[in-house]
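Every chain is named by a letter (A, B, C and D) in the order it is written, and numbering of its residues begins at 1.
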Amino acid sequence: MPGADFGMVQGMAHDLAHAFPGGMVLVSFLLLYQDRMSGLLNAFGLHALVLALGVAWQAWLQDAPHLYVTAAIALVFKAVAIPTALRRIVRRLKIERTIETVVGIGPTMLFGMGLVALAIVVMLPVTVGVDPVAREDLAFSLSVVLLGLLMMTTRRNAVGQVVGFMSLENGLILAAAGAKGMPLVVEISVAFSVLVAFIVIGIFLFRIRERFDTVDVHALYLSRGERP
Amino acid sequence: MTGLGSQALAVVLAVPAAAALLLALLPGYRAAARLNVAACLATLAAALCLLGARPPAGPFLHVDDLNVVFIVLNTFVGFTTSAFSAGYIAHELETGRLTPTYLRFYHAMYQTLLFAMNVALVANNVGLMWVAIEVATLTTVVMVGIYRTPEALEAAWKYFILGSVGIALALFGTTLVYLAAQPVVGQGLPAMAWTTLMTRAAAFDPALLDLAFVFLLLGYGTKVGLVPLHAWLPDAHAEGPTPISAVLSGLLLNIALYALLRFKMLLAANPDALAPGPLMVGLGLISVLFAAFMLYRRRDVKRMFAFSSIEHMGIITFAFGMGGPLANFAGLLHMTMHSLTKSAIFYGVGQAAQAKGTQRIADIGGLTETHPALGWGLVAGVVAIAGLPPMGIFMSEFLLVSSTFARAPWLALTLVAGLLVGFGALMLRLHSLAFGEPTTGRSQGDAPVRAGRLPMFAHLALVLAAGIHLPGPLTAWFQHIAGLLG
Amino acid sequence: MLPLILALVVVLLAAAVLAPATARSAAGRPLVYGAALAVTAALLVLALKALAGYAGEAAPEALTLPLGLPWLGAHLRLDALGAFFLAVVNLGGAAASLYALGYGRHEAAPHRVLPFFPAFLAGMNLVVLADDAFTFLVAWEFMSLASWALVMAHHRSPGNAHAGYVYLVMATFGTMALLVAFGLMAGPEGSYAFAAMRQASPAPWVAGLVLAAALVGAGSKAGLVPLHAWLPLAHPAAPSHVSALMSGVMTKVAVYAFVRIAFDLLGDPAPWWSMAVLALGAVTAVMGVLYALMQHDLKRLLAYHTVENIGIVFIGLGLALGFQAAGIGWAAALALTAALFHVLNHALFKSLLFLGAGAVLTATGQRDMEHLGGLIHRMPWTAATFLVGAAAISALPPLNGFVSEWLIFQAVLVSPQLPEWGLRFLVPAVGAMLALAAALAAACFVKAFGITFLGRPRSAVAEHAKETDAASLTPMVALAALCVLAGVVPGVVIDGLAPVVTGLVGGRLPAQLAVPWLSVVPVADFRSSYNGLVLLLFVAGAAGLTAVAVHRLATRALRRAPAWDCGFPDASHTTQYTAGSFAQPIRRVFGTLAFRAHEAVDMPAPGEVRAARLHVRLRDLVWDGLYLPVAAAVLKTADLLNRYQFLTIRRYLSVVFGLLIVLLFTLAVWP
Amino acid sequence: MSAAATNALVQAAQLVLVPALAPLLTGFVRKVKARLLRRRGPSLLQPYRELARLLRKEAVVAENASWLFRAAPYLVFTAIWAAAALVPTFAAGLVLNRAADLIGIVALLGTARFFLALAGLDVGTSFGGIGASREMLIASLAEPAMIMLVFTVALHAGSTQLPWVAAHMAGAGVGLHVSLALALVGLLMVALAENARIPVDNPATHLELTMVHEAMVLEYSGRHLALIEAAASLKLLLYVALVACVFAPWGMAPAGAGAAACALGAVAFVAKLAGAGFLLAVFETSIAKMRLFRVPDFLGAALMLGLLGTLLLFVSRSL
């Protein structure tokens, strides 16, 4: 790695390498906390931004230039494009501005804490072989993933769920970027962006206003004669 | 020789890709359908070459005993399905359920799907395999929704969301595998290449592998359709065009299972890693029992056979979970036989549904009276899928149950109970489908074209042949892999 | 010889494959059935030849084909036991094929029968030849499938569809049970060849499990109570010549499976095995005949009698197991000989009876006895042969049915030599139940023959019935002759069975043909002996002489007059006794216990002009107590689980999420 | 004179003697019953006269009767005759005793009953039906009971061959066994049922609803009826001979014995017949006929006695 005073840089590198993933976990909690659409989308933009920074930092740390691409994708696509698109959809489809949650915010947050604890408990003993940066990185990204899933399962709005999915997927990118020298990270992030795009388009095309399953499943099975 | 091998491999991948582009541009469905069949045939031919000549393992692609079988199977079923779909699509056009524009899209997507699946099979790289499987999933999602009825869209959407989450989990698992390999193998591509992973697996961090396997099992397990991750599967099968249902059941589930197998081999190669057996046995048993009971209340014929697919995926997972030469052999054999049989059944069901103009079991009756060939073919197919001799599935179930009994009687009893329950349901429906007073149905348009029947009988003939006599090389490959699977 | 036998079986399979082509043409029937007849006849000859050879201590033939399990191959072997059952199978097969040459003419849907008939025969032959678990089960299930297809031949009638369904499910249940048995015997490394199983000596509890599984597997095919429920549904549903095969032959193949496992593969028996088998056999025998007495559908009645006779066979087998466990070789040989003899006898007279029922069915289109009667005048040959069969199945001397039951009684009389108290007390009780079954069977066949063939016609169809064609009659006459023959010179059969018995239990009966006057002396001169020939000659001769004497010395004058009937003759045929009324006293005695029988008389008030009605309700306790609850439980579970199919996507996601968390947690707390 | 020859002679004698004595026994029973009822009653030879009269009469047969109806009487008669000829009466050495043991004899009676019941159904009258169905009901209960009694005896004697049983019973070894007593009682009960005697059936009645055997043969007349009557009395004699042979074999000439012994045996046998007939008559006059559906209990009791006998036998054996 370039740089004369190795130790100082090393230390700062580590601190930052902790800081960004940690920040993402915080933002994930922020996402969980949001109960208004606009706030949610802004928070997600922030999430993506932190991810971009983290990935960029990793790129510098591992001097792996291809990671800059990933960071750029995260920045442009997730931090800017998607939130704006979602805002327009919300306006177009006149989706109500509040987010309907299954369980209250408080319990959700508590559960989230538990998830983070679980992630750390699972990860840290496991990854003794790996270098410390990657360890923490992994622990944080796993918590981000779990928090994303939690969000998907506790939000009733389609948009809320999409945001949850995207935050989950941010966690994945974080993990992939953290894994030193892992190839194909760019391809993977591209593939994921395609996926997300599909989802957003899907919401738009299928006019899925409130929930993924806006089509009344009950009536639908009756029509197939599947319901006993 | 290897030169031939690499060329064949190139063809296997290039032809579907090219065909996909071509078909996307080509108007007129007749020519498109012909081109589709031709492309599949070419791919199949190339795949057959692979049997003889193996290319050397590259950084991204490789062919070994395990995937060569599945490549051939994949391309073969792909070919027969394309032949079947030619007739099927014609009828769909006449009845106006599909328009030519959609057809162009359909054919392109079909080839894309085959391409993605082939890539997933020959991929020597964990990440590449993951990407390929994702692409395959996306294409099928689009195909499932192609009829654009509310049901179809709802099914596609369900499939899409659950599938995406599965993909995400699988990716996390993949990353973990890389992390486990990286300290041993070193950074970069080798740490994701199967060939190197398999050789060095013993030195990996077992705990990390275990964690990875949990994510992989959930991720790819969603694709396999293991209970309780299966929710997307029945609707996706029931609402899409029948050729796609056939490919889904016959191939895509196998691909996901193939991925799981690879990772299981990885764990098996590592002495300290916790054996994934109990996990797979548990999920497999749950799937068998659940699907077996679910079969009873089905009224939509395609959905019923979708559940039977879940049941069989459960059986296969159970077999690999049990491990041991016999059980693993049974599992591999069952995978092959199931994809042949199930696709054959879907061919038959699709034509029955077209002939009677409905998918409701209650409205399809007395097929052996109204359409003898189709009816008896369906009977043979269901008999085969129910695991009755002399069809091939009986052999695998025989090996699985009998070998399990000597080791874990209670597991075997549970499995047998599940099989019997499922059998009861299948036969109940078969009796009303194939026998009894024939129903006129709400048939619009003329009866399906005869050519569509050939693929079904071809598959059944193969299954029968396998049940009576298993060719030597196949046995050798399976036994080799069974050894590797531990 | 084995290759030749195989070639013949292959011919059967070929016939099955080619049949659909010719099925709809007129030539199809003679071609297929002719081929079947030729092959089965040849196989019969070969089997008998082989049996004779084994009497001369010839070694069993074996060969392996590169089929089936790749690393195992298909093992085939023909030993004395196999040869005997091969003979039984093809005897019945030949009779049915010959019969079908004529009977098949009346078949409404030949294309649904012709392809499966030879396949069925081939399957049964292969079962007897198979020498490894895989081949055995393939052949076994193939046999079941072919017979299922034959049951479904007339699938339009809803009853048949139900019958076929129950049959197929029960058959697969049995196959699974056998699979369990073989799996336990084969062990984890899967040594599926019978030879290997013979060598292996499983632990007692394993052996016990195997026996139980074999009992369930073979019993469900043979029709042991309570696994018999499918049998009276399926056997009558098939075309009559197939019913004859299913009842007369296929149940014997099931017996073969049990004998093969229990006596050949499994090694030394434990005493409790014989108790289990004895108890099951006795219950089956009595319940079967009681069920039969309540029927008025001729073919169903016969099917229930199959259940009864299977019970008798298993009583014999149970005795043999007991004696073998006690190490009394000669007694085991006696019991086993009796059982196998009864197998042959039942194959003879049950095939005969079903063929007769088929003749009646074609002549009148009726299976319901309440609409038959007086057929002895219209169909004398059918009546005569059916009468022989009825007398034989009722165990009346000098016919064959009596000999085998007599031998079983002789075996029962050896019971004091058994060491276990349980068996000592059980065996005489079983003997009593056997006697009860035999007596009730006689009552039942008085009813069957008397109501169907005697009395006055109860319907127009019965009044104008025609005798069946020669092709159908020939096998019936032949079988009747065989029934008499086997009863008159049983020594031939007993000596023929000697190699089989020797191979299985070590001992054998003394050679009977050496005994003067063709008497049968199973144990010793002073103990017991029987001579059917003398009885036949005496009864026939004396009857003839008496007749001549009476006609000569007294008068031969005879006057035909209206029936006397205590002075109140009534022209209406409805005044006769019906099947239901004939069985009424027995129903009164046993019915309340066995069927929760309930009778209600609906008597019109004085001056009311309507017929009085007698309503009888019989419950099949086995069906109510075993099958319906299971079905209900399955459906209830299905409904319960079915709810899972209608959740929202979010809930499905939560399930996945929950599973993930559970797994991670277990991983975290994993030691 | 060789043993075989004597046996043949004895057999021949028995073949003649049994049918000859049978009507006499019937007549004797009737006579004693009449006496007990303070009537003079018909002469002992009345049964012979009746048989002769019936034989001379022309036979009236219903129009729709089949060959079975006409053949049955001969079959029934000869079957019972054969059975009776196999029960040692005055001498043990019968050349035919190889032909059927005790079980065989029971089965022969079953054959006779089978055809008689069929004949009852042949004309298609309600009475024939009643008779046949009731007869078969009684038989279906009496036969197992009989078999159980046979077991008791056979297990005791270690043989089902009557001569050996008789020899064993006559031998010194036999003490007074509970099981044998039970067997005797049971056998008597079965005998009553099988011979259509009071309390199971009434040979003299023609009150339709109570009759069993008589209803079955209602359509018969002339020589056919004669044969059936003969068969009935033959059957009665058979059972008496059976009881005598098993439980009172005294005086019976052993196999291969001389003429004197045979003569003595004959006298003893006639005495036994007389005694049995007297007891039967007394019993019948002192008891009333029971309802048809009490019969199962009656015979069930016999069956239980037989079973109990065998089990007790084991117990006593093992002690």
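Going forward, a contact is a pair of C-beta atoms (placed from the backbone, for glycine too) under 8 Å apart; a residue touches a chain by one contact, two chains touch by 3 or more.
Just so we're clear, the structure is a prediction, and the values are computed from it rather than from any experiment.
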item	value
Chain at the geometric heart of the assembly (C-alpha centres)	C
Chain pair with the higher count of C-beta pairs in contact (B-C, A-C)	B-C
Euclidean distance of C-alpha centroids - chain A vs chain D, Å	101
Averaged-CA centre spacing for the pair chain C and chain A, given as whole angstrom	70
Inter-chain centre distance, chain B versus chain C - centres from mean C-alpha coordinates, in Å	44
Whole-Å gap between the CA centroids of chain A and chain B	31
Contacts with two or more other chains, residues of chain C listed in rising order	639, 642, 645, 649, 653, 656, 660, 664, 667
Chain D: positions in contact with at least two other chains	none
Numbers and ranges of chain B residues touching at least 2 other chains	157-158, 161, 165, 210-211, 297
Chain-level touch network, classified as line, ring, star, complete or other	other
Residue numbers on chain D that touch chain C, as the complex places them	55-64, 66-68, 71, 74-75, 77-79, 81-82, 96, 98-101, 103-104, 107-108, 110-111, 113-114, 117-118, 120-130, 132-134, 136-137, 139-144, 146-148, 151, 154-155, 158-161, 164, 208, 218-219, 221-223, 227, 292-293, 296, 303, 306-307, 310-311, 313-314, 317
Of all residues in chain C, those that touch chain B in their complex	66-71, 133-134, 137-138, 141-142, 145, 152, 155-156, 158, 161, 164-165, 168-169, 172-173, 176, 179-180, 182-184, 186-190, 192, 634-635, 637-639, 641-642, 644-645, 647, 649, 652-653, 655-656, 659-660, 663-664, 667, 670
Chain A to chain B touching residues, read off their complex	122-123, 125-130, 134, 138, 141-142, 145, 149, 152, 161, 165, 168-169, 171-172, 175-176, 179-184, 187-188, 191, 194-195, 198-199, 202, 206, 208, 212-213, 215, 217, 220, 223-226, 228
Touching residues (chain side chain B, partner chain A) in the complex	125, 127-128, 130-131, 134-135, 138, 150-151, 153-154, 157-158, 160-161, 164-165, 167-168, 171-172, 175-176, 178-180, 182-183, 187-189, 191-192, 205, 207-208, 210-211, 238, 297-300, 303, 360, 362
For the chain C and chain A complex, residues of the former touching the latter	639, 642, 645-646, 648-650, 653-654, 656-657, 660-661, 664-665, 667-668
